[in-house]
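Mind looking over this structure? Questions follow.
We call the chains A, B and C, going by the order they appear; numbering starts again at 1 in every chain.
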Amino acid sequence: MSLEPQPPLPAAAEAEPQAGRIAVPVWLIVLLFLLLYWGMVYFDQHSGWFDPQVYAPYRSGAELALYQPPTGGPDLARGKVVFENVCGLCHGNDGAGKPGQAPPFIGSEWALGNPNHMIRIPLAGLAGPVEVKGQQYNLAMPAMGAALPDDDLAAVLTYIRQSWGNKASAITPAQVKAVRAEVGSRTQPWTADQLKAIQ
Amino acid sequence: MNYGPLVFLAAFFALATSWCGFVLTPQLQIGRLPQAHTVGGAASTYPVARPGLAQQGMEVYRANGCAACHSQQVGQTGTVLEIALTEAGTNQPATIAALLTLAEGSTDHAPALSLLAPVPSAPSNSTNATILAGLPRAFLRSSTREAANAAIKTLDATSAKAQLWIVPVGPDLARGWGERRSVAEDYLFDRTVMPGSQRVGPDLANLGARLPDANWHLRHLYAPRLEVKGSVMPPYRFLFEKRKIKDRQSPEALALPGDLAPGDGYEIVPTQAAQALVAYLTDLHADAPLFNAPMTRPATAEATTSTNAPAAPGTASTNAAPTHAAAP
Amino acid sequence: MSESSSPLEPSAASAGGPACCPIAPAEIDASCRLPLVVIFLCAAVWLVLGSAFELVASLKFHAPGFLADAAWLTYGRVRPAATNCLLYGFCMPAGLGVALWLLARLGRTRLAGPGLAAIGAGCWNLGVAAGVGGILAGGSTGFENLEMPSYAARLVFLGYLMIVVWAVLTFHHRRERRLFVSQWFLFVALFWFPWIGSTADLLLLTFRVRGIAQAVIAWWYTDNLLVVWLGLVGLGAVFYFVPKLTGRELQSRYLALLTFWMLILFGSWGGIPASAPVPAWLPVSSAVATGLGVVGVVAVALNVYGTLDGQCSKLMSHPSLQFIGFGVVAFVIGGLMSAAGALSEVSHVTQFTWFTVARGLVNSYGFFVMVMFGAIYYIVPQLVGLEFPSAKLVRAHFWTAAAGSLLVVVPLAAGGIVQGFKLQDANIPFSDVAHSTLPFLRASTTGDLLIALGHLMFLGNLAGLVVRYYRARAVSAWAAATAEIKPAEVSP
């Protein structure tokens, strides 16, 4: 290489630096472990342990559950929609029943009575003679509610029990779920006597 | 000994752990979210996809770097449980008495209830007058769920109807920037998620709820100081065009006051980009109650006309009490 | 020109120890000259351009209507253009150039493939030009620190690979098999960016992930680039130059090892802001990792202080050391600012304010850019064998850059804190909050001006030196070509 002036390099330029072997000060290690401990505690308290539903300021799934809005009372609007799509065809949208097709709901002792009976009827159907408001009916009701989810069935039964002047207790999805578990996969329609035997 | 491969392995291991933690796991947890269902009240799916013009507006937002000044993420520092009355009932003095008793902490649970505002006192000889007005309104604040439930039972027994309200609180929410914190579901259908990291300008997460007027936005984009006094936002006049009025003024022309108005015979009309951007801005919402961001929406939401100003004086405007003084 | 007549080519003598045919540092520098001159000169140009854009952005806070009618100069385009010019135009190429030189020198071997590395640098600069132009034209991707449109990002990535492959080969063919501290940092940095860059490209630009996962990946990428990559290269340079220029040995290999592990293990987990609309475990993990990072920062401070043996005045002895000393102090301050930000009480106030910008600038400009200045001011004279045209300008650059950085960072940090406290109080209308930050922003414009001036000095000095060298070479080549040919003596 034919360059002119030599660069005025310091004498140490030829030597590359070396690293000494002084030990890491103990207090730094102690600091590291203290910070690790702080980190673990902080993570435990604030992270919700990787729960994808937990966002700050909530600190755990349990805390999040405490702040859920109340599920509210029976949803009569929803029950009405389900009723008119499923039950009203035979029982009438006004709940008055249709002679030769289905008994009425207004003032019916079956509708207003034991919820355990009321829930079972749509789950498996009702066949054979049954007395409603002093009148005898001998029809066959299919299991119209078997395919409905718990929420919808509870809503429609509550709607029946609290409409057209009926005043009875609401039926909750939890009750429907419990009865469904007891009934299992029964396909044989109930008879009035079988139902009366159930408490 | 050749330490080269060891160094490489160290780096590989370190980066692999953070890749698993911050790329893989978030993708598994929040990158494949389906639509969520709202909680409380009638269930609806959330979010809904933006209309086409708003999606185009998002591209305008991205191209002009609006995220350099505006954030789109609202925060929340806490949640409070409030007990509200929805119906005053037929025996108001009894209800008032129950409220006062509850507030004095005479329940079995720890004194967790506090009055939000002074309760009007019942005149001694009237039982039918409307003393409890402005319902639905929150009267008590509870710090535990059990105390709240017990209080509601007590109030229900006095023929009034009480409700539990879940109210998120925080400085952002107190400013009216939102009703609850932003969560992953709010960004589900955005092609480019721009949560922003600076608040040179106000947060925009819930802009469509607090400023739904498209014309306000158009005027604000053209001349920010027209709508917000002392604003530092630059004017976006290049999103508009000045053109000669043909037969009559076009319906989209901006109504501008004296010194900003174009000369005689000219009008300022927003371009397609401006229309799209405004459609996007008015479509920004983050106000549905979700499982991971629970809140109770009051019975009827009052349309607010305030802009970036805090809540009007007279309503609670500290960080503690949220602005839920909605009229029925 | 790198072909030497030595019988021992580096590739054939990988088993040879340093004892056989050691390569002189001057030869190593000569092999690095072409790619590094290209890299550093282009980086200086981007630096000047970036500070010009930053000035335009800063002036908009004095008069919002300043240049507002030009769509390509709107704040939302010119600010990302400025940060991309700084980050991808200067920081990364300068870091790569310094890494190339350090790996060659520390390995006591010539740089492999210098011509191809220079082509890689050209590809890189093409990518950055396309990227900045794309941002100004409205093609920004919307992701912070990754605003370059996809076509430019891929060009930049390709340029990176083209440069880094030669760095890896240089490391592989090193003659000095014992690794110095800096080599761990630099070698790891070479591989770090391809992983984070390809992840960001694939998941954000090519097959875009859905929803807020985009933001999480963007935050991960930003943190790994700005904290880890810049930290690795910057610290690699610091741990080389401080001992080298003071003539002492680096105090503790083990402290450096601790720093290394803390940076790569915990540094890569930072980045998710506390306010993020993501499940709580993400920002909490980031906060914990950032808090732990303070150990690495303290280790660096101890190491450098120990190397200087407590005599910090040694830092003023050499112009490069001034820059590097400033960089170390900024690294420590930035690390402490970040660790403080890990506490939720602090982050509640500082989030979304100018304080976070100031903290980023302390790390990227105050630490990395200043260390790069120091390194370049040392390396380039070694490469060309000449001194800078004006040594006074080098010192002036230091004082301008130091004053400028302080005048940018301190007002922004203070303004951010004021802004943060006011944002917490919902009674203060937002326009009042914005107004209260204006005096601080306007004060920081003076800092931007000084920094821009410093960059002009840097570019002028560097360009002057390079021109001087190549002119001298051209002159001597011309003289050799046109020299009188003396007829040889012929003996009868």
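Note that a residue touches a chain if its C-beta (ideal position, glycine included) is under 8 Å from a C-beta of that chain, and two chains touch if they have at least 3 such contacts.
Predicted model only: the values in this text are computed from it and were never measured.
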| item | value |
| --- | --- |
| Closest chain to global C-alpha mean, per-chain Cα centroids | B |
| Farthest-lying chain, centroid of Cα atoms versus that of chain A | C |
| Contact-richer chain pair (by C-beta pairs counted) among B-C and A-B | B-C |
| Mean-CA-position distance for chain C and chain A (Å) | 53 |
| For chain B paired with chain C, centre-to-centre distance based on mean C-alpha positions, whole Å | 40 |
| Inter-centroid spacing, chain B versus chain A (mean Cα positions, whole Å) | 26 |
| Where chain B touches two or more other chains at once, by residue number | 29-30, 75, 77, 181, 183 |
| Residue numbers of chain A (touch at least two other chains) | 50, 52-56, 58 |
| Junction residues of chain C - those touching two or more other chains | 277-279, 285 |
| Of chain C, residues touching chain B in the complex | 60-61, 64-66, 68-71, 74-77, 79-80, 138-144, 147, 171-172, 177, 179, 183-184, 187-188, 191-192, 195-196, 199, 203, 208-217, 219-220, 224, 261, 264-265, 268-269, 271-273, 275-279, 282, 285, 348, 351-354, 356-357, 419, 423-431, 434-435, 437-438 |
| Residues of chain A defined as touching chain B within the complex | 50, 52-58, 64, 66-72, 75, 77-78 |
| Chain C partner contacts - residues on chain A that touch it in the complex | 1-10, 12-14, 16-25, 28, 31-32, 35-36, 38-39, 42-43, 46-56, 58-59 |
| Chain B residues touching chain C - in the complex, by the definition given at the top | 2-4, 7-8, 10-12, 14-15, 17-19, 21-23, 26-27, 29-33, 62-69, 71, 73, 75, 77, 171, 174-175, 181-202, 224, 228-238, 308-311, 317-319 |
| Touching residues on chain B, where the partner in the complex is chain A | 25, 29-30, 39-42, 75-79, 81, 145, 163-164, 166, 170, 181, 183, 289, 291-296 |
